[in-house]
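In this document, chain identifiers A, B, C and D correspond to the written order of the chains, with residue numbering beginning at 1 in each.
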């Protein structure tokens, strides 16, 4: 069967998409050294830089948030694959500065291994950096060991909060402290309805029966923990938000940032219907939805499903969330 | 078969999605009288207001662009169905002002009939308005009679340009002139790969063979003009941009705004790959891609495909395109 | 039956609504072939409004009943269907003035006024593959039956038959209005959903007296 | 064959690459069952890099050849596979120093150094359902064959056999590393893709001398 995607040679997916992306947003980002997406207007050297890494195929994904107030460099791998350590090192080297680098890594073994080796190389070059490892997936349980908890959409609001602190001129230690505070207070749970097609392989990346859904699905179709019969939007929303708000220990009076991140084929229509229930549920608990975002930030091709994200916010985190930024897929005035 | 969408009672799709949407973006929009999405911070009365109408199910669609610098009121119909004339009249009445209203209508028979009757009612109330009818679909040929040319994604950049002029304090005649200038210089062509499921009916809204695509597809799966075998991204892009640039009479030295609007399940990855070719093609013709946007603005559920949009820009139109705005799905600093 | 009054008009609308409801899936399937696949649900919504108007108008007069039915249909989010159906029923309302009952002549005049209401909204004529292909012949057949001295039920039966034939005739036509026109020649062989709805409605009108 | 030199090492890598290439679809299918379905393409990319390094290293020495192979594998966008394979080959490079050819003892030492390189990147051990379940037994079998006075080809054959058995043993294991660990008990019955790749590579190494 012909794959129903607008592509050319499957071997060239990543270079072509990166070229097209940097052309479309030439006013905000630039592509250098084939796999590094950087800001079109670089950040001054006296401010902490933010560097991250991750595979392609999840657009807008990490690279969609390069720009003023968020990321400085996104090191891009091939479809669903972490970039190799030498490329990651190159991204770090490019941002070498006395102010230091906040290095944000999502907890996936490939990314972590690549980051480890890149950091070893960076150390030899005297590059100053601090790493934040996002691991906010609560599918294996909120108390599961960190190794078992994947980094999902939470990296993106983390770029926002840490990026704003960096933009404000905070030191590496301060930026790191803010990022970690956010990191420790966030949780994500994903749900999938229909698989994605691997755009190079042409095959579905997992299978799910016609009447089944799976809560706890990973970012690449790695299986989750809760396969069940299809549920309504309200039922799904309630199961997920209950677990999430417990995971961050949200109590009456607390303020949450809530993000619904569409996986690809799930419509905003559905996400709004889900959001409605989330908001109702939290209202009943006396928990405030202080800020929210509904859209596609980190996708998995045309997978149907979404990630529900919450973070417990304090005044400083809210201030950084509200601070201006200017990237292709998130702009705050 | 169970429909794989996160919904509750299919009869309540529109009220629930609108409620959820207005909750998620309460800082920017509000829902009034069940079907009117309005700005959270209303525009001063001395400025021209922008009102539009259209069915739901295309999120973010029209309502996604209500806010400072774009729309004042989006009158929402049910899934894929224009709102009834009385509701549209209500939206117009709410914006009644001496400065007048720019009433943007997409050329679909239902929308136009509803707009016609609403305007008759508005006239009786002494409401001052001017209508712009978007009809930039070139599927039936760029010279086809206006009745045959549908309004597609072009309404959204038109809201941007006209909204910026209104925000600047231009008179109704001036705003109308700017909107019409943009309207006369834009063109869209859509392509579909896979059908959407009607979220209330649970059935696909059209059929397309496993190895076929259709260029010229309408916003709701109304068939187009060019069913063909699947083509590569580059081939598809070239066929479409050639027709579009001809339709707006773009010549060497001209400046274009190019928008790729994903239909729902088509990934940004694919749209960037398509954009790359569009840019290459225009470069070869000496035509400048002065501005661009790649994303999901007006969707058709989980349909796979996209709309390619171009507009020939002059300095004033560029100025209004670049002007600040603050809406849920488009923010310019 | 020489004359029909408020109760009969109310009941013909309820009967029409029943006919439409039975065919919601089929109407949407027809629309899926040449349009956007929602005509059935839209007509279903229109009929919700019609039935609601009928039940809420209890105690009013004929003109108010028809006006409420028309306004109800108009208020739905109905694409082209809402304004067209709304105009049809509101046009009918215009013609009944303060009549308490209608003889065959007044019945024909009422439907003619409805047709005139629709014509204000659309330039479509017989042959354009729209609801007009069912509506115009139906109204004409009712007029002719009356002129030939037929009873009200006979006239409605003639209207139903003509509407059904008209709807079927759309299979041989190329669409020139509505979303279907984008398909051009490819609409040949498909029956128009709007015309089918009209035929089902007139079938319901006629059956109310069987 | 008592010793192997540059050309033989180059050819065992090309043979390994061939074995992997024949099984790209199968490797991805294994990964689809318990991971993200890309292990085959990733290994394909790694082998592109290996072959390129082999051909571009012509004229260099053994250490450089292995280093280039390792660096090449490391440079691909390979999830966990790139760093792990890269470390394996770069570790092997460390052990050959300025040797021009390897006897069985040196061969065993080379693979042991490769294994040590991998161990720096991961805590996975035999029994965790990873490539370690094939790699450790393979290296051990080569060491034992050498200690027992076997020839280089015989040692490689023993390594291949042990790797294949190790890979098959993963069917009875529950994954404790990599994406598969998210599946927990559900990984039972599925063979680990990474271990299978290692087995295929060692099969290629051995076959180069048949």
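In this text, a contact is a pair of C-beta atoms (placed from the backbone, for glycine too) under 8 Å apart; a residue touches a chain by one contact, two chains touch by 3 or more.
Fair warning: this is a prediction, and the values are worked out from it, not measured in the lab.
Enquirer: Expressed in steps between touching chains, what is the minimal separation of subunit A and subunit C?
Expert: 2
Enquirer: Among all other chains, pick the one whose mean CA position is farthest from the mean CA position of subunit D.
Expert: Here the answer is chain C, farthest from subunit D.
Enquirer: Subunit B to subunit D: how many Å between their CA centres?
Expert: Chain centres of subunit B and subunit D, defined by C-alpha means, are spaced 54 Å apart.
Enquirer: Would you kindly tell me how far, in whole Å, the mean C-alpha position of subunit D lies from that of subunit C?
Expert: 76
Enquirer: From the mean C-alpha coordinate of subunit A to that of subunit B, what's the distance rounded to whole Å?
Expert: 28
Enquirer: Using mean CA coordinates as chain centres, what's the subunit A-subunit D distance in Å?
Expert: About 33 Å separates the centre of subunit A from that of subunit D.
Enquirer: Which positions in subunit B touch two or more other chains at once?
Expert: none
Enquirer: Which subunit D residues touch at least two other chains?
Expert: Residues of subunit D never touch two or more of the other chains.
Enquirer: Name the graph shape formed by the protein chains and their touching pairs; answer line, ring, star, complete or other.
Expert: Contact pattern: an open line, chains touching in sequence.
Enquirer: Go through the chains and record each pair that touches.
Expert: A-B, A-D, B-C
Enquirer: Subunit B touches which residues of subunit A in the complex?
Expert: Of all residues in subunit A, those touching subunit B are 1-2, 4-8, 13, 16-21, 23-25, 56-57, 59-60, 64, 193-194, 199, 210-211, 213, 230, 232-234, 236-237, 260, 264-277, 279, 289, 292-296, 299, 301-302, 304, 306, 324, 326, 329, 331-333.
Enquirer: Along subunit B, where are the residues that touch subunit C in the complex?
Expert: That would be residues 14, 35, 55, 77-87, 108-111, 113-114, 116-117, 139-140, 148, 150, 198, 200-201, 203-206, 216, 218, 220-225 of subunit B.
Enquirer: Which bits of subunit C are touching subunit B when the two form their complex?
Expert: Interface residues on subunit C, with respect to subunit B: 28, 32, 34-38, 40-42, 45, 71, 74-84, 86, 121-122, 177-183, 186.
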